[in-house]
Amino acid sequence: MIEYALFFASSCYGVALLLDLWRITVGPSAADRILALDTMVINVIALLVLYGIWRGTAIYFEAAMLIAMVGFVSTVAYCRFLLRGDIIE
Amino acid sequence: MSLGGGFLFLIALLPFVGALVPGLMIRAGRNACAVSTAVPTILALTMLSILAPGVLRGEVVQAEIDWLPQLGLSASFFLDGLGLLFAGMILGVGLLITLYARFYLSSEDPMGQFYTYLLLFQGAMLGIVISDNILLLLIFWELTSLSSFLLIGYWKHLPEGRQGARMALAVTGAGGLAMIAGMLILGNIAGSYNLTDILQAGDEIRASEWYLTALVLILLGAFTKSAQFPFHFWLPHAMAAPTPVSAYLHSATMVKAGVFLMARMWPVLAGTDAWFYIVATTGLVTMILGALIALFKDDLKALLAFSTVSHLGLLTMLLGFGTQAAAVAAVFHIINHLTFKAALFMTAGIIDHETHTRDIKRLGGLRQLMPITFLIGTIAALSMAGIPLFNGFLSKEMMLEEASHTDWLGSHYAVPILATLGALLSVAYSFRFVSHVFLGPVRDDYPSKPHDPPFGMWAAPALLALLVIIIGVAPFLAEGIVTSAANAVTGADLHPHLKIWHGVTPALWMSAIATAGGAVLLSQHPKLDPLWNAAKRPEAKVIFDKLVAAIVSTCRAITEVTHNGAISRYLAIFTATSVVLGWLAYASGGLPAPTRELLPVAPVIFVGWIMVIVATLSIVIMHHHRFRALVLIGIIGLSISAGFAYLSAPDLALTQISVETVTIMLLLLALHFMPKVTPKESSLGLKLRDGAIALAAGCGVAALSYAFLMRDVETISGYHLDNSYEGGGGTNVVNVILVDFRGYDTFGEIIVLGIAGLVIFALMHALLDGPAARRLINMDYSRDRSKDRHPLMMVVVTRVLMPIAIVVGLYIFLRGHNEPGGGFVAGLVIAIALLMQYMASGFAWTQERKRIEYHTMIGLGVIIAGLTGVGSWLAGAPFLTSAFTYIHLPPIEEFELATAMLFDLGVFLTVLGAVMLMLYSLSRIARFAGETVNVEPMSFDPGEQDEEKATP
Amino acid sequence: MHWIILPVVLPALLAPLIGFVMRHDITLARVASMTGTVLLVAIALGLTALASDGVTHIYRLGDWPAPFGIVLVLDRLSALMVLLTSTLALIVLIHAIATGWDARGRHFHALFQFQLMGICGAFLTGDVFNLFVFFEVLLIASYGLMIHSGGKARMQAGLQYVVMNLAGSTLFLFALGTLYAATGTLNLADLAIRVPEIAAEESALVRVAAILLMIVFAVKAALFPVQFWLPATYSNAPAPVAALFAIMTKVGAYAILRVHTTAFGPGMPGIEGLAGNWLFPAAIVTIAVGAFGVLGSRHLTPLIAFSVVGSMGTLLVAVAAFSPTATTAALYYMVHSTFAAACLFLIADLVVTRRTSDVLYPEPATVQNGLFAALFFAGAIAMAGMPPLSGFLGKLLVLDALREPGLIGWAWTAILVGSLLTIVGFARAGSTLFWKSTALPVPQEDGTDAVAAAMPATSTQVAPVMLSLAVLAALAIFAGPVSNFLEETSAQLFDRAGYVNAVLGPVEER
Amino acid sequence: MLPRLIPHPLLSLTLVLVWFGLVNTFTLGNLILGAFFGIVIPMITAAYWPNRPTIARPLKIAEYILIVLWDIVVANVQVAMIILFKPEPDIRSQWIPIPLELTSAEAITVLAGTITMTPGTLSATLSSDGKAILVHCLHTDDPDTVREEIKARYERRLQEIFP
Amino acid sequence: MEIIVASSIGVLTAGGVYMLLRLRTFPVILGIALLSYAVNVFLFASGRLAIDQSPILSPYGEANYTDPLPQALVLTAIVISFGMTAVLVMIGLGAYLEAENDRIDVDLEEANNASETGTRV
Amino acid sequence: MNFFAELLVSLALVISGVFGFVGSYGLVKLKNTLQRLHAPTKATTLGVGGVLVASMIFFYAKTGHVSVHELLITLFLFLTAPITAYFIASAYLVRNLREDDLPKNEGDFGWSIYNDPPEPDPDR
């Protein structure tokens, strides 16, 4: 049963990633692209955790956590660039 | 080594050692300078005269020291008749020239330099004539080119001097290089570069298939040096040199180096048709052409120069005949030409010096004003004309004698007639020298009123003139040296008898015709001169200059078209080369059969694949919007690190994603100062070219990786898996490899990071101290910026988030040895945590709160890592040998301590320091560009305002 | 027995101290840097003495056995290269300090030491990936030195230099990936065992690796068609840096010698004739490129840079023969051309700083015109391969070593015609700079004229040039003993079995 | 003394918990290590958090968290419906400015965060004096209800937590 | 999987090379970045591909592990290329600020004329 | 692992999957940027939340001892998501809207993006 659930969930996130990709490429506004990238990060985190469950290992947990962290930082950086130009003024 | 050998070395060495002296002695005055120059020459002469008797008896003095045996180059010298003759000439004339120059050079001329160059040249020249190793000979040969370059260009400020020097260097240098090749071939045939060995191997060489090549190459060297047609043109231009130089180099010695070489190689190279037709013909042509031109030159020195060319031609022709008698004649004429021509040059110098002109048309009637000079000049000139009782006559007779029975392409008359013509012309210009300069009425329009020079100046030519007569009337005095020299040339045992009267021979008739004809021709000179000047002839110098100019501009064009500063093209070439060569290498080898199955692909992975490809293509398509491209790069980083995690590389996943983030930060920071869009400027053609290259590269790399992905290979990493825990004390094999098995790589790697930090810091300073600073200050951010500089929410959240991030960083560091993580990732995580703080409240504000010395941090990191490595020396183990132990102190559970962790700490500090130093440098630039430093952590804190109100 | 690592560890520990502790005190930094360099020379001498016993000395880092850990290998060749590096470094450093170049920007000495560390590391390592790492170390340090003290032209040239080398490093990694995928090892000795075992019909991957590595090294060695970057870089680099870079091209040549004799040596079925086939013609063209550049340059420093390209061509022609004799010649020429190039760049610095530009155009004679002329003349004849300095012998050695009828025609023509063009080029430049200038009126001492204001060069400023000329002279005088050593060096280089046994231990122990 | 040793007790506690979250095993050694970090790190970073927000009635915090979590679940479903089934043109988004009584930065942050995390509303920006917040509402017909609900449901409670 | 990886490497390389050959500094930097992605994956792939065989020694006895060495090499490569990229970015910025344009090709004609002080030799 | 646990895990996974999808679907469907900004909060909250809950239950059921580090990620996301949204919104407002496109603030200061903050009193 879990296998199917895993498959369903990962497929959902796979499709989600493709939708994000579409949004990034078409934009139109820079904010849209950043938003889509941020969403992508979230989806990848979910996928990593799913993968961890599938493989029954916690090895990918750090990756997920780190991605969450740097994802946030880079999103803020992108936005600050649009807002102020200098991201660490 | 014999005493004689020792002398030989000294003779070769003295001039070079002596060359140092004049430069220093000049402070002691011109006389001291001249004397100090004469001393080594005199010493050498004395030693030579000590050796002379033996050599004249037919002995050969030899001396050898190994120099470069691998090459077959040895410092070996030998002195035989030929060497003795030339050495004597070089030293003797050298001495006279030294004396003469002392009075000739004016006080403005740097005399020390002159004598230094002179001695250098003398040494080089001596080296040529006594070398017993052709490679050594080559060295001296090139040295004569160089030192003559300096001597001809002695009057640097005169364009003629500079151009003459460059021309001489180019022509003789080219010849010299050709000769190098020829000599090497010769040596390879003979199996030795020793002259004595080569002289033995004559038949072998003449038989070799390479003979003609070697011959031509060597003759190129000889002809250029001895100004043989068509290389004769450089010599007159070399006359721009001071007269002593012309007298020494361009009549007595250097130009005879070619002749010497032909004489030297005579036993080896001569005697074949190739030799006869090339050498004799060239000589004949040169003789006539030189004489003809000389006749119509108005510049005294030019006249003498071309007469020299003509006489060199004569000598070449004689050697070309290849008969022993001709060789004897050549040797004898060498001596005679030396005496009268040097005397003539000095006379010309005196006239120039006294009248301040060398233009024959402005001279005449000097007989009355300068009787001594007249006497000397006339004697020398008559000898040059070949008038009996002067030595020139004797050797000319012998020449005509040889010419009279030499066939050329089956014709009996060609050579005799042409030889006579040559003699005739030489009579004409010799007489012209006397009559147009000395005879005739005294004029009142000399640029300066002439009179005989001081004794010192005419002593030298007078001595030579005396020799002219002595040899002329008592030739048997010269028999000894001529014999030994001739024997050295021919390698035979000859006993020539030099007599004035040979009876009525064809030669006598020929020279009679020549003399009479010459006189007649001269009488017609006034009529012929305008015709000659009107006649169109190719001007050698013009052609040469045009040629050089053409070559230079071609080289310049090629260079500037190929190295035009277009790095994009360089890179295209580089990539294309790699692809093409890589493909050729691949195609010329084969592949074993695949040994692996394809791994299954989960659908999500397929999605990741699409993400990478779409992102890459989008970047390529819309990279003109730079910010957009940066966002798109994010996708790739994300997908790749996810992919790494999926493909069992958690460490890579962590590192990739954090590096990617920091990189993007740096790019954003830089983009802030740069244009936000890339102009569309590359043409369609360019795009297609690059597209094609890119496509090829992509396919190549893909194919390559696919090729090995399907094939297993036995690798060394099994050892790492087996020994990671027992030997390295860690279960994360990757990290153990990094900090232990290949810790040395990591050591280098963190040093790269440390250097990067330094470079960026230094660069920042270079920018802020330079003109860039002005541009930065004038930079304006007029475009709509948010007024909310440090949003309240961000600041507040960071206050919690940053400490958490730091804990995460420390965690990742501590577990790195056994689980994914390690110093590098940890360093980046902490850096990112700090970045959060910077983005919340600004770099400057944060820095003011807590100053961290990033330089020190990097230094500390590198040093800790280094010392950890060095520490293992104490244990007698090699650099970076790790040690670890498990500590157990209840109630805490067992934990591990490893030196590798100390090393990792170094890594950690370096990474953190480097990243921070980069950010620091960038924010320094930003503040230079007018960013202000905020005093508050956030744009506006309503809470604090209220506290204000609450507490009046 | 830790001698072997010292050339790496000493600067690696000294540089941070200079860069981070002494960064506010140039005098202290100078003293430290000078001391370190002198020590390095001493160490290098020690290592050369150590290596001259003919034994291949091994240093196992982390005490891990080869091929699993990284080993340093000290044989005559690596010792020679380290000695060459340190000597050159000392000469250059004196110039940098005497002329104050080091104070015209930040962190000169730290970067200088790091640079030395990188170069020595590259010469000593026995592991191809470690070679990559130290290439990067020396490169990134060289980036810093290249743009030292900044300025528009230098910054742009620096940018191009960095980009070119980043491309090179990327290719290096592609090559190493292919190599590991094909052989499963990174250790040179291990490669020397595994590569010959690869059958010709299964050799595609290793062939690709070999040729890609060749290209990577060729970029460093300025071999056609990847030499384009060099002139702009060298002529825009600060003079002492340009002089130091004389060794950088040699790093490329060394790498080709080392890797393509030991790992991809002649007589291996898999990569038969791969290296030489491409190297030889490319080297011939390189000579031409260099010679044309020398004759065609409008500026002094590019002229010298092109002469460096030409000399690399000559050097690589000899290398391409992959025979002990030719390698001996190549090594001799390598040592010679390193000092010749450095010498010329240092002279050029003395001259150009006393002129308004380095355009080959007569300007009123500067102070010490005669001295500079003499020095330039000496440097030029060395570089052009004229006697009496070592260039001529080097040239003869190379010519003499290339006796195969196939080679003679092209090689000899290229080398001889090349040196003729070079001679003429230098002669023209020299006569313009030093002779023509004497014809011009010396400007009034109104201080406005840069040339008039030029200070005479101090003896310490001239000393480095003199030193390098002295080295060149010594190289010529003691050519015999020197090439004895070099002959043994190349013999050792071509003794693959000896190398393998030294690194991996005798066959039965493996 | 204590305030200087532990400037932000809650933060310290969080860090200890975070540490356990990371190591994911409860051992004495980890407790010691965690406690160490919990004390040291806030001390090092104290400079970046100058003022000390006073927190009254910690129990309220738990209540608040539960309420928010519940709202998140509910609102998620509602919004999911809108996104999935509501035809695009019928979606009426609104700007809703909300004046604030809250004054402490921390409180305002929490409120804004809550608004964003509960789907359907989004705090887009504050007024430059931090006394009002501009909320974007995905779909509503009367903004006033939304404003009232936010003020009543969250802001009031936060006022109690951060007096 | 192998095809996926190989083709991704190919695409990244192609994109990287194309960008590397552009005429402005910034795209070139992007090209270098793409290339380093490509080469990192390439180097990683030289250890062949494996799923769920992380080289973290498991406490429970025997297990299969992927080749750890290439991973270590890639880590080193990543770090180095990070340092290099950082320097490249800064020098690019420096060149832009000095030259007031971010063309990466230098027009030597221009440079020559700038430094011309007279006719050629 | 007992059926109940499996059921819970599967349920959580399905829920998570659905909301994860909805988040990105909204990103595509909704017509203007600010509306789109609402969508991903689904993925963040219930999406990832669901997966993490699933993971916690799964590992508890598998190994027997509680795994809490999933909570870390949750904490992280809850702390950061509002900021992310705030920044993206501001970025959009700055680049695409002017102040008068927005409703006026009753207070005496305009919205922070378009207006400088009030001067802090000089004596502080």
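A, B, C, D, E and F are the chain letters, set down in written order, and residue numbers restart from 1 in every chain.
The rule is short, and it goes like this: contacts are C-beta pairs under 8 Å (C-beta built on N, C-alpha and C of every residue); 3 or more make two chains touch, one makes a residue touch a chain.
Model, not experiment: these values are computed from the prediction.
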Q: Could you tell me which chains are in contact with chain A and with chain C alike?
A: B, E
**Q.** Per Cα centroids, the chain farthest from chain D
**A.** B
Q.
Averaging over Cα atoms per chain, report the distance between chain C and chain F in Å.
A. 58
Q.
I'd like the Å distance between the centres of chain E and chain F, where a centre is the mean of that chain's Cα atoms.
A. 34
Q. At what distance in angstrom does the C-alpha mean of chain F lie from that of chain B?
A. 69
Q.
Report the inter-centroid distance (CA atoms only) between chain D and chain F in whole Å.
A. 12
Q. What residues in chain A touch two or more of the other chains?
A. 10-11, 13, 17, 30, 34, 58-59, 65, 69, 76, 78, 80, 82-83
Q.
Going by the contact rule already set, what residues in chain B reach two or more other chains?
A. 560, 563, 565, 567, 569, 571, 575, 606, 646, 650, 671, 701, 705, 708, 715-717, 720, 741-742, 745, 749, 752, 755-756, 759, 763, 766-767, 770-772, 785-788, 791, 793-794, 797, 800, 804, 808, 819-820, 922, 939-940, 944-945
Q. On chain E, where are the residues touching two or more other chains?
A. 20, 25, 42, 45-47, 52, 54, 56, 69, 73, 76, 80, 83-84, 87, 91-92, 94, 98, 104, 106, 108, 111
Q. If you look only at chain B, which of its residues touch chain F in the complex?
A. 784-788, 791, 793-794, 797, 800-801, 804, 935-936, 939-940, 944-945, 948
**Q.** Footprint of chain F on chain A - complex, ascending
**A.** 1-2, 4-6, 8-13, 15-17, 19-20, 22-23, 29-32, 34-36, 38-39, 42-43, 45-46, 49-50, 52-53, 56, 58, 61, 64-65, 68-69, 72, 75-76, 78-80, 82-83
Q) Considering the complex alone, what residue numbers of chain F touch chain D? A) 18-19, 22, 25-26, 29-32, 34-35, 37-39, 41-42, 44-46, 65, 67-69, 71-72, 75, 78-79, 81-83, 85-86, 89-90, 93, 102-113, 115-118
Q. Okay, in this complex, where on chain D does chain F touch?
A. 18, 20-22, 24-25, 72-73, 76, 79-80, 83-84, 88, 91, 93, 95-97, 99, 109, 112-113, 115-117, 119-120, 122-132, 134, 136, 138
Q | For the chain B and chain D complex, residues of the former touching the latter | A | 787-788, 791-793, 795-800, 802-804, 806-808, 810-811, 837, 841, 846, 849-850, 891-893, 895, 937-946
